[in-house]
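Heads up, the next two complexes both have chain A, just with different partners, chain B and then chain C.
This part shows the complex of A and B:
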């Protein structure tokens, strides 16, 4: 793909905004490292307060605006910086099993929520069965991994296809009903799915199944990386693969949004009747979004299953679907960066603050209500559609 | 000469209510037809049936010689009929450009694969689409042409109407249906908007318009021909001067003595 900047603004000399942008990425990387390193709960709480104060301060000083400008004008460079930051974090915690597991989980949640975002954020299809489709991916990985000789890498997309196929039985009821009623259909499915898993002995019943590990070209992902003096936790394998998946999901979501497809999906969400009068077929886009979203959720689920290596129906309850949805609502419907931020908050916070572990549902529901009250578009609201980041019509 | 739009005995019932009662209506290419009548006389219902939102309870419609009875809204749009709504139905969070391009749906490549992977082609489509959309918006209001990426929610009613009409015009329809374009605007704004519409019509040769309007000043000024509805039936037809002096029309509006 050509990246040659053609219009004037894209070649603009890197100004102070870019410095602010890169500085923010460096700062954020350091912050995440510090946050993950701190053991003491009071330190963690202090860091959270510090983050709030810093964001407020940056807002007052107008730095957030510059950050937005930096991202808008230098998207590729900022993406590269963020990617580097993610790799630095991985390097720092290369020997730490638990931290890598947490971070990988956050990335897989992010991938799944990007799928939900295509459904809810773009097309307005409310899916309360996110965890079920995640589970379809997990169980596909368990069954295919142990019963067949299909290469594990191929199992990931098959997990996605299975999730989309299972989802397709919901297509007709979801299209026939509207709004809350469509939501009820998916809730019913989520409950049915869990019950189905519990009574199905072939799938391990309530005890669940073990999932064979991921392996690539004969390299088993469940072995630690030791090359000479270098040592890294086996979770590093999963971390890197999950990062690749996330990049793919991110690029896919972005390209869907920044195209006529994204426009038709938005029109479907906002006003079906008006969209119909301009040739848009709402059902076509609802089906596309539902299938594509479930595919992404299923792929993420398959890899998560391989990583945690044991799955049971209790992992895929209605409550877990709510967690997925609350990530999308917290971050901001349609906002990819909002979802990234919210996944990190939702996955990391309870692990770091053990005292809230038991109350996390209470906390998240309170947080969602607060966000919907005071920032109805989410923590990082979706920006305007820029079809091409370096396109500056004048 | 055959008419561009030819509706015969068009009927629509809602339960016991007959909203459109055997309406015969012809529009010739290039004309501006005014559709008037008291509230509830079936004007908007006529638009909704014609554009496929409601099904026909009876009758037929032909557009440019092609049968369009009971087609879906999508098919009616593809045949070349575009409309605006009585209460503006733009996508408020989306930009002017996005809203106008929604109206261009039939000329844009909607394939999922091409949209995701053939980005170079998409870029050409976006760029040429942008130029075209901006030129169209510029005819209505040059100020708006410089703010193509602002969300529509930031603009006042008159600008929203302009954008809505641009959305309807971008796909080069043969027939434009305007449902009360003056609703929610001042006299001065309405006048301005009508000037714009007449100007656009001159530029886009062969555009035919049906306009529903309560402002008689507007009807008098812009229409070639008027049809008056009452209780879903046509009670008068002719030039504005003719229908406004018609006894049935005066009775419908003011009541019989």
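This part shows the complex of A and C:
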């Protein structure tokens, strides 16, 4: 990246940078609303092109650096603004079932991918079975929800624990193998898991299972919200809960990244041998990352299962694991905001391009290949770790 | 269990093992020269099967109905087309990425597999439905006791064996093979010795891909059906076989392929009450073997460099 002398000065002045940052959040919110509202394919295509032009223009004008500075210097304010933006989007689409379903799916995918990111982006543990652990969460929700009287809110963490427990079967081979040999362990597990679900009659076989709804303090999540004149789709319940879950996962990921835990994980990924010379036990952090990541994936899966209320083995194939993985790689390994951007793109774009519904997998795969060829570090690569709170890169 | 049923299982298992071995050999060859995993290999196999099918349709349209001529031309055309495809993939996707992290290459080639799969589904006429592959080999049987050995199975097995022997001979007995082995051992030194690195890489990818094409045609001739999704599982199994055998070693790939087929067959025979679980069993054993021998049954010789 080119470092112009005046841009360094611009990052020092907090006023304009913050303005740019808040303006960007407002613009982005409007953009997402416009994007979700547009029905016509030509409008969608126009909006996509407009986004590309806008990002390029902002880069040329140096606004992106100011945006970065605003986020760095006023993180809390920016987080609040973004949260407000997410709520505004929800308010605009409060009566629209399908849009809310899409947005909630995107948030749950992002939660799961944050888990995958701890494994892959921080610690370098390969996991090609993301969708399988997602599926463990879903099936836990289905079985516990219909067979037991456990409160649904408690089922979410249990789904995560189950995913971590199932994952613990793989801990020994994952620890002992490296590189391509490690890939085969989780790939084999992904195929095994799907085949197992397919042939196991107790879990519904190929037809799958239905998942009971989420309910909180006697409030069933599958009923629309109607208070006087106010009406909102029942997906709003799931939207808000998924948002809470996402905030939790986000906060956890950021805390992990900035703490000594994240430092140890980074060291493990970059050079195991060097890390162990400095007293870091690589296997300890690999196990931690693998379990924690699978837990997050499982929790997200349990809530998604409750929301879509019906699950089948076909939802948890190896190809779905690849979608999770490509979100992490598209966004940029280890980059939290990159993953946010990529989950929105991966979930929303195919739905909006209904015209090319038939070709979406083809286009999507081609897009991933192009990104890997021309932007191998992802759309929003992870920045360099700031070791000291007020340290600024020169 | 009576003997004829058991023999049936054995022949079927050997057939599967041969196909897996052919796929795994490709993986191990690619890994040898470039240290990369090209995961689109299974879908390349599928393209090979469809290329063979297209050749058959073309020959029928051209008025050539002699099955012997058809089979020969079909195999040759399929192998040649897929060899070219493999070389193109190597040149435009794998070589530009060869310095990227291993995961990027893995994902890029996986996505390429999706591109190939979807292209066949969307652009091949009526590609989303399974195609009936013609029965071109003689369907006579040789009775051994009360077991009927199908001649076509025997011919396919012999063909597979010949292909593997041919590849092994090329690698170990020819000048080209010497160059491939040199590049595999040390690309930089090989270059200074006057070996055309890019050419050797492309030839290796062509060679490995044509082995997959032959496996694809074998699959079509044996099951008399091909579909656009057939490559995915075969690719995963071939990859698992190459890894379990030990990457970069052609005997490891063959061992891995037959091991996987044996596991599937044993799973089906030993658990007649739950033969649907044979793939679960086979993959579980693969995971267990990886835990026991993390670098495969015939490991590469590596040492930790600091």
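To be clear about the criterion, the second predicted complex is superposed on the first by the 370 of 394 C-alpha atoms of A that agree within 3 Å, B and C clash if a C-alpha of one lies under 4 Å from a C-alpha of the other, contacts with A are read in each partner's own complex, and residues count from 1 in each chain.
The working rule: a contact is a pair of C-beta atoms (placed from the backbone, for glycine too) under 8 Å apart; a residue touches a chain by one contact, two chains touch by 3 or more.
Keep in mind it's a predicted model, so treat the numbers as computed, not measured.
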Practice task
Based on the superposed arrangement, let me know which partner A:48 touches: chain B (first), chain C (second), both, or neither?
Solution key: neither
Practice task
Could you say whether A:373 touches chain B, chain C, both of them, or neither, answering first, second, both or neither?
Solution key: second
Practice task
Return first, second, both or neither, reflecting whether A:281 touches chain B, chain C, both chains, or no partner chain.
Solution key: first
Exercise for the section: Considering only the touch criterion stated at the top, classify A:273 as touching first (chain B), second (chain C), both, or neither. Expected result: both
Handout entry: Touching partner for A:255 - first (chain B), second (chain C), both, neither
Key = first
Handout entry: More chain A residues in contact - chain B or chain C
Key = C
Handout entry: Interface residues of chain A shared between complexes with chain B and chain C
Key = 273
Fill in the blank from the handout: chain C contacts chain A in the complex at 31, 37, 93, 96-97, 100-104, 106-108, 110-112, 114-115, 118-119, 122, 232-233, 236, 239-240, 243-244, 247, 274, 276-277, 279-280, 283-284, 286-288, 290-291, 294-296, 304, 306
Handout entry: Contacting residues of chain A [partner chain B, same complex]
Key = 1-2, 252, 255-256, 259-261, 263-264, 266-267, 270-271, 273-281, 288, 384-385, 387-388, 391, 393
Exercise for the section: Under the touch definition given earlier, write down the residues of chain B that touch chain A in their complex. Expected result: 51-53, 72-74, 76-78, 82-83, 85, 89-95, 98, 101-103, 105-106, 108-110, 112, 115-117, 119-120, 122-123, 125-127, 130-131, 134, 148-149, 151, 167, 171
Completion exercise
Residue set of chain A touching chain C in the complex reads 120, 126, 170, 172-173, 176-181, 183-185, 187-189, 191-192, 195-196, 198-199, 273, 318-319, 322, 325-326, 329, 358-359, 361-362, 365-366, 368-369, 372-373, 376
